[in-house]
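This is the structure I want to talk about, given as structure tokens.
Read from first to last, the chains carry the letters A, B, C and D; within each, the first residue is number 1.
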Amino acid sequence: MKKRFLALTLFLGIAQLALAQEKRQQNPESSEIWEPVPRVVTPGVLSPNTASGTTAPSDAIVLFDGKDGSQWVSVKGYSPEAWGGVTAGTNPWPVRDGAMFSAKGASIRTKQEFQDFQLHLEFRAPDKVEGNGQGRGNSGIFLQGRYELQVLDGYNNPTYSNGMVGSIYKQAIPLVNPSRKPGEWQTYDIIYYAPKFNKDGMMSEMGKVTVLLNGVLILYDFHIKGTTEYIGYPKVQPHGKGPLLLQDHGNPVGFRNIWIREL
Amino acid sequence: MKKRFLALTLFLGIAQLALAQEKRQQNPESSEIWEPVPRVVTPGVLSPNTASGTTAPSDAIVLFDGKDGSQWVSVKGYSPEAWGGVTAGTNPWPVRDGAMFSAKGASIRTKQEFQDFQLHLEFRAPDKVEGNGQGRGNSGIFLQGRYELQVLDGYNNPTYSNGMVGSIYKQAIPLVNPSRKPGEWQTYDIIYYAPKFNKDGMMSEMGKVTVLLNGVLILYDFHIKGTTEYIGYPKVQPHGKGPLLLQDHGNPVGFRNIWIREL
Amino acid sequence: MKKRFLALTLFLGIAQLALAQEKRQQNPESSEIWEPVPRVVTPGVLSPNTASGTTAPSDAIVLFDGKDGSQWVSVKGYSPEAWGGVTAGTNPWPVRDGAMFSAKGASIRTKQEFQDFQLHLEFRAPDKVEGNGQGRGNSGIFLQGRYELQVLDGYNNPTYSNGMVGSIYKQAIPLVNPSRKPGEWQTYDIIYYAPKFNKDGMMSEMGKVTVLLNGVLILYDFHIKGTTEYIGYPKVQPHGKGPLLLQDHGNPVGFRNIWIREL
Amino acid sequence: MKKRFLALTLFLGIAQLALAQEKRQQNPESSEIWEPVPRVVTPGVLSPNTASGTTAPSDAIVLFDGKDGSQWVSVKGYSPEAWGGVTAGTNPWPVRDGAMFSAKGASIRTKQEFQDFQLHLEFRAPDKVEGNGQGRGNSGIFLQGRYELQVLDGYNNPTYSNGMVGSIYKQAIPLVNPSRKPGEWQTYDIIYYAPKFNKDGMMSEMGKVTVLLNGVLILYDFHIKGTTEYIGYPKVQPHGKGPLLLQDHGNPVGFRNIWIREL
């Protein structure tokens, strides 16, 4: 016991030395916030016999209709360098039972790019629970390919608050947690206005997002500070239109009924 | 023809005289805006066999469940003077087929009062079309009893843009017009943050509202300038919590599935 | 007495008739708001021996330096039709004592056009008080040529609140009234973000303005609904960059130390 | 050389081990952002013969008039636990030449507490340059005792962008850098609206701040996410009114002409 303590002290001492030398070293945990924990809300149901949310309005672009995944292409990662300007492969995500499922090793993005929009989509965490925290039902929706709205199995699954389902990953904590059970379809309704950049490359107006999860408000007009980073702080990178990107995080998360309206 | 023109000229001349004497005379038409006309959008449907939107989440207050109208009372008008501080009568709106219908001569308000909230409700214009413009399927939802989100039959029914369905009456023009046909149930999802007032009685922060009509965004974070007035400009009147008020405007408009979540 | 009442009744009756025929007739008075009246604040002074505000920062465009009015041209009116796309005359406003003074019959606009900006300017109502209300020291600054920040002698000069100095004319009432005496130089510090328009021609994001008058906050992030109209409601008219326009309203109002920074 | 590399590798390897054991270890450097670097702007001057900004308007509370520091008390630290609810000592900051200077080991706070306000103050970094980066002319203004607007000598003094003068410390990067030279008086004009909290303890509306430094806009309606933390992410802590707190950071920074207007 005492020996272990000494070893730890030694480790930490050396760690501090190393950090002193490597001034700005960062790690993923340094941007996790574990409190407050949003309270649980059981969302309403749409109707007894359907699990689906609303169909697309007449002015929407249908990005996935349950059958055809051809509006999406494979990407090598979820940074602008990884998904932009490269010859992308065909969408490798399998389609079954009217849904696309994330395939190991490949995230996907839309061919089309967007500015301001209203987005509807439905997702489903695996009904067989495996793993926990960030390892359970993890995926993500990258708005304009840069700003991640977290997808995660949020049902009785503690994790850091700014990384739970409904968070703008490592930036915004949702107001409440209206998650459905694993295996149940859930709806996201997202209103997004893109950030504006000035000639200095500064963000003259921040991106803004309002989100309903299963019909319950979780974010209102949240101002997005910069790009989603796993390690460290959001970055400011001027850009124009961008795609939607769905993340593969190693869990087979299903998606269906995806439509978008340009605002 | 010529005679009529002369008469009109005379009328107008006299009218101008009258106006000159009555310096600040106003009329309802002076606050109507007829352009631009929001484009029509056909909203999606929830599912083939249901016309209902989502049921209430677990933290919502159900204000009307299809059977019991006892959370509402009758009011004599839709100004704070008319609905506040008076002994109100029981809710006179008849309940049938799981809905309440506006009854001639009586608007109703909730007994409870609210500050910031998410509100869901469904409404239905009469399936038999009678009248036109403001005379067809007219009702309204007064947020905190003061700020009217217009309810109107908006299907092929031209009227002034700032008075159509989805407008903050005489203040905000909706982005689009996603009305359903007369007789079909329609959903309103409303996010509202109350205005703040300072010790001078000035509005230090405006009320804000975001609205989806039939699942389609029509208003985003609109700043409400003041009370809804039929004649003249919005007024600034400091207040605390306020009720929801449903307007009777002489047309039998149906309401159902009303729930509210305090934010 | 009784006779006069009858005549008035008659006038009004006929006026109503006329209005019924001319459905949407409007007049300037119908958009005046007279209450609440912002309380008076005596602003601080900059220093005992100077009346001037801050000089231009290094990244500002100096629009008037006290000598040279050549960055401005004469316009025929203060609507986009009047000031845009026409061969404009040279700036007719006389320069004396380091200031430009409005000249009867001619408003002026900048040759350059702007989007988002920080604007500083100083103005001076005539020291000899003539007229009252809107007739005393009246001028105006039209942001992007469309949205008027009112300039008026606001010292012991009652007028309608949404038309007083510091108002967005007929839209926004200032929080307080920090006017200086007639003949004293006053400073405006204005931060402005232009509205955005979507492909439908709708205002997808409103213009926003924050204003300090003599160093005192009078408007904070006010959302501008549309163009300034003397009669009737603000209009939504899609546009890109626009000029600054200084209004002549028949009173010799002085301007000096005008600079702008693009944001 | 190679040996040093090996040693570093070893250090880092052990550091990672240590971090793995200490899951959420954080360090101050992990929340520093070094890019983008706001461009330098030379601010204007008020007038040739004065270094002072505007005097207080008539409705302001004068918090320091150049002579009397008695509206401030000594605090033991700059967290709510340190400055609230304790018997505080008298203000130990020396007053000379019409200014208060930060004294080693003691930060100070106002006796009064505030909600929404406009704040003016002037500060001065030592004219003799000592130290660099965060070690040069460092102080800070904690709005409501929780949200730090950074005070630093920003003249030719590189540091991380979200910790430079004009930043909301570790949250917001200023648009530009309009610093004056060491020893010159500088002005801050700050407009602040306090955050609102709901019954869950969530921030239902974020705090908002607009700042001009030396008359130049550096932050516009920035939404403050939570408390200022030296290490780690901002925290959400519900609160009511709060004091202004001026930080001692070991450098003798001067303050003068401090006034506040409640909004």
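Heads up, the rule we're going with is that a contact is a pair of C-beta atoms (placed from the backbone, for glycine too) under 8 Å apart; a residue touches a chain by one contact, two chains touch by 3 or more.
Since the model is a prediction, treat every value here as computed from it, not as a measurement.
Fewest steps needed to get from chain A to chain C, stepping only to touching chains, is 1.
Pairs B-D and A-D differ in how many C-beta pairs touch across them, and the larger number is found at A-D.
Ranked by distance of CA centroids from chain B, the top chain is D.
Between the Cα centres of chain C and chain D there is a gap of 36 Å.
Between chain B and chain D, the centres computed from C-alpha atoms are 46 Å apart. Centre-to-centre separation between chain A and chain D, using Cα means, comes to 33 Å. In chain D, the positions touching at least two other chains are 39, 175-176, 193, 198, 204, 263. In terms of which chains touch, the assembly is arranged so that all chains touch all other chains. Contact residues on chain C toward chain A in their complex (touch as defined above): 116, 193, 198-199, 204-205, 262-263. For chain C in complex with chain D, the touching residues are 39, 41-50, 52-60, 118, 120, 175-176, 178, 189, 191, 193, 208, 210, 212, 214-217, 220-221, 259, 261, 263. Listed in rising order, the residues of chain B touching chain C in the complex are 8, 11-12, 14-15, 17-19, 21-27, 29-36, 38-39, 162, 171, 173, 175-176, 198, 200-202, 204, 206, 222-223, 225, 232-233, 235-236.
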